[in-house]
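Please read through the structure below; I'll follow up with questions.
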Amino acid sequence: MSQAPLLQVEHLKKYYSMKTGLFSRAAGVVKAVDDISFQLESGQTIGIVGESGCGKSTMGKTILRLIEPTAGKVLLDGEDFTALQGDALKRARRKMKLIFQDPYASLNPRMTVRDIIGENIDIDRTYSTRQEREDRIAEVMEQTGLNLDYMDRYPHEFSGGQRQRIGIARAIVLPPRLIICDEPVSALDVSIQAKIINLLKALQRDMGLSYIFISHDLSVVKHISDRVGVMYLGHMMELADKRSLYANPMNPYTQALISAVPKLPGETVREKIALSGDVPSPANPPSGCCFHTRCPHAMPICAQEQPELKQVGEDHFCACHLCKACAAAS
Amino acid sequence: MSKSKKINSQSYYRVSLAILKKNRLAMFCLGIVIALVLIAVFAPWLTPYDPNLNDVRNRFKGPSWEHPFGTDEYGRDILTRIFYGCRISLSVGIVSQLLASLLGYFIGVFAGYYGGRVDSVLSFLIQVFSSFPFLLFAIAVMFILGPGLMNLYIALGLLGWTSTARLIRGEVMRLKNSEYIQACIVGGGSGWRIIMKHLLPNCVPTLIITITMGIPRAILSEASLSFLGLGVSPPTASWGAMISHAQPYIRKFAYYSLFPGFAIIICVLAFNILGDGLRDALDPKLRS
Amino acid sequence: MSDIILDVKDLSMSFFTDQGELPAVNRVSFQVEKGRTLGIVGESGCGKSMTSLCVMRLFPSPPGRIVGGSILFHGQDLTKLSKKEMRAIRGKGIAMIFQEPMTSLNPVLTIGKQLTEAIMAHETVSKAEARARALHMIDLVGIPMPEKIYASCPHQLSGGMRQRIMIAMALSCKPDLLICDEPTTALDVTIQAQILDLINRLKNETGTSVMMITHDMGVINEMTDTVLVMYAGQVVEYAATGELFSRPSHPYTTGLIASIPSLDREEEELNVIPGAVPMLYELPEGCLFCPRCPYATDRCRKERPELSEIAPGHQVRCFRYSSDGKEERP
């Protein structure tokens, strides 16, 4: 506990004001990310799971300041990233990179692979000679399993898996400390997905990278993460060490989520917890606990008071009124 | 063993060219356009006559071997004047559209990329400009600036940018949230880099199409302005001016107005069909 | 009870393009029994969707053309029907739901209008009867307040709701066979569980047979009775679902199952199948899987294996299993 963690996210919030009508009066706020806090140690992976619209992607982009946060802090290596401007921001940006879901939309169709991967080098003017730049590009292409003969090809000539490798090569060409992976394997077939996940793990080992791995696929997140956070309507519902979370989910939402995954033979089949209804609209979230409208165990207090994220075990945090351990802890 | 197919690296434009090549009509029109450009460039070498030299003895000679398209009221060879008029028409079309596209690109990019207040102001400007009646406004501008080739470029260039700006603005609004631009921002890339490295190359197809489609419009406007005496100043040959001068003689010497008229139609049609072909070839949405 | 309602024999469909004849569906045979579910699983481009579109005769034509085989639906060969006769089968005899429910619904018509039209297109019923039937169907797919949904437009509904409406529409004329093409791929896990549950419930209530096309082995395990594993247009394994998972026999099937991260087990590295799915214009000469197969022999590289039965009802396309069903290890 001597060193500060690589990344500390503190009470991060992103609210969008909704405007309606001709004269643009604010009609309400959408709390896309509401009071999210967590830490990430160097070389570790935190997985973020949740269904569409839960704010997991927005959170990732807010940490990177692709979207400016409404409130809260992001500390990177102890430095307040949210307060940086100008050159200091540009320097700090070198430590964080992003990998996207859609391997088709994330590469500029008019640039060759060489220029796509080399762009960050060009922006930072890292190398003084062209040869150094080319050597570095070749090096990361080898590292990510891309054929060097394809350096001058355009993205549309590659398959989905190869495009994702190009995106990864672009992210690591100037070695970052942290990569935010926004659903990096969701668009890929299972056998290709496995290759990309193995590549990400190998890079983590070799380069000491940290990942924030955002996905809706619980088994993929379990495989790659050390800790996992479960999000619902902008809130962190549960955050724990992955073994603890998957073996002993405390929050009814996490329980339902895990039980809903279609299982393969040989996997422990928990009784299916059928959730009724849809995810409520983030523009009009339920009062109190945001999950109470679908929760099989909802109590009167759930509709009134929003539960806080409390420690319920060793590295296990949960936000729920029901959970006994929560009550004991408070 | 198995016949493995080697796929050569295919840039977007090479694929587009392959698609365009399959479109016979568009390729034919491309041929016409190239021929017109050659005529414009090599006009003095293609004809023995001086386009502006009066030869009163040869007034209103009908088409003959000596003068294939006949002569006009000053005895000038009409074919020669059409060749020289081609210079005016093509240069007006191309220069004014390049000017308009450049203006339209930057206004569209700034409006689309920066959004917010910049967008509001620029969009309003686009709306104001596009609500002017085009020809009347061109007449007014030419009236103020006075006739002349340079002023034609400026007048038509200043008026033609609104459609480009609007298209580019929409394109940029779509592109600016794309993930490769986010990746560039995360890498610390500046706004200028994004505009020049990411947005411009992706807008080039749109620009090529708007320029190609805009050229015939500019040519028609030039013809109209010259017809009204507000285009190039006499005796410079221009297709519109020729039709204008031929007007009093239209009953007796129909060929005088017909030939420049055909020239306009062929030129405009060629550019329009080529533009359609280019759009089919360049638009990724129309590709299978 | 084993009446076979759909009997596909040696079905072949090819695309005729600049690159020559591309065999998208290559001599596929399978049977669907009444009230049972057949699963087709494979990665993108394996021909699973094209197979189902062949049954519906909805594949893009040109360039696609059925070049051989037969599709017997209640003994009637669908490949020989005229367009008009085929239209009568679609909807009434065989119905289909797709991955993206938004594009399958007309955005400008109300749900009620679309449902009643679907009913009245196939049956001579009065408007009032069609309306009553439509409301009953909306109720049947588990949507509360059918009257309200009846009057709303597609964009007012969530993805899960739309997929329910698609199912209501598909089942409104009581088809004998329901083809589901990746019905839950675009949906969240908890909604996916609801929809799968609904399909199962309706199947049991109406006795409809189901063809489930998916890339998700978990869905296959939980939903189907028999499975067809497809690779590059061919069936590589065909077995009862339990048999397939307890004894996966084709190297592709085993590789595919092993590359899925597990919710229970912990593994450091995911199994990967080397190489990539071949393009249809560069299919290998021998066994289509041999360039990626760990067991490939010279024979595999020269000859294409046929399906052989290794146990009753369990067919595998691999030379490792001789025709008498014994496994031959190299």
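All chains are identified by letter, namely A, B and C, in their written order; residue positions are counted from 1 within each chain.
Simple rule for what comes next: contacts are C-beta pairs under 8 Å (C-beta built on N, C-alpha and C of every residue); 3 or more make two chains touch, one makes a residue touch a chain.
Because the structure is predicted, anything quoted here is derived from the model rather than measured.
A.B. asks: Between A-C and A-B, flag the pair that has more C-beta pairs in contact.
C.D. replies: A-C
A.B. asks: Centre-to-centre on C-alpha atoms, which chain is most distant from subunit A?
C.D. replies: Using the mean of the C-alpha atoms as each chain's centre, the farthest one from subunit A is B.
A.B. asks: Roughly how far is subunit B from subunit C, centre to centre by C-alpha average, rounded to an integer in Å?
C.D. replies: 52
A.B. asks: Let me have the rounded angstrom distance from the C-alpha centre of subunit A over to the C-alpha centre of subunit C, please.
C.D. replies: Those two chain centres are 32 Å apart.
A.B. asks: Using mean C-alpha positions as chain centres, tell me how far subunit A is from subunit B in Å, no decimals.
C.D. replies: 49
A.B. asks: What residues on subunit A touch subunit C, complex-wise?
C.D. replies: 51-52, 159, 161, 189-195, 197-198, 201, 216, 218-220, 222-223, 246, 256-268, 272, 274-276, 278-279
A.B. asks: Could you please specify the touching residues of subunit C with respect to subunit A in the complex?
C.D. replies: These residues of subunit C touch subunit A: 43-44, 158, 160-161, 188-194, 196-197, 215-219, 221-223, 242, 245-246, 255-257, 259-264, 267-273, 276-277.
A.B. asks: Name, in rising order, each residue of subunit B that touches subunit A in their complex.
C.D. replies: Going by the criterion above, the answer is residues 7, 9-12, 178-180, 182-190, 193, 197-198, 201-202, 204.
A.B. asks: Which part of subunit A faces subunit B closely enough to touch in the complex?
C.D. replies: Subunit A residues touching subunit B: 61, 64, 66, 89-90, 93-94, 96-98, 100, 102, 105-111, 116, 119-120, 123-124, 152-154, 156-157, 167, 170-171.
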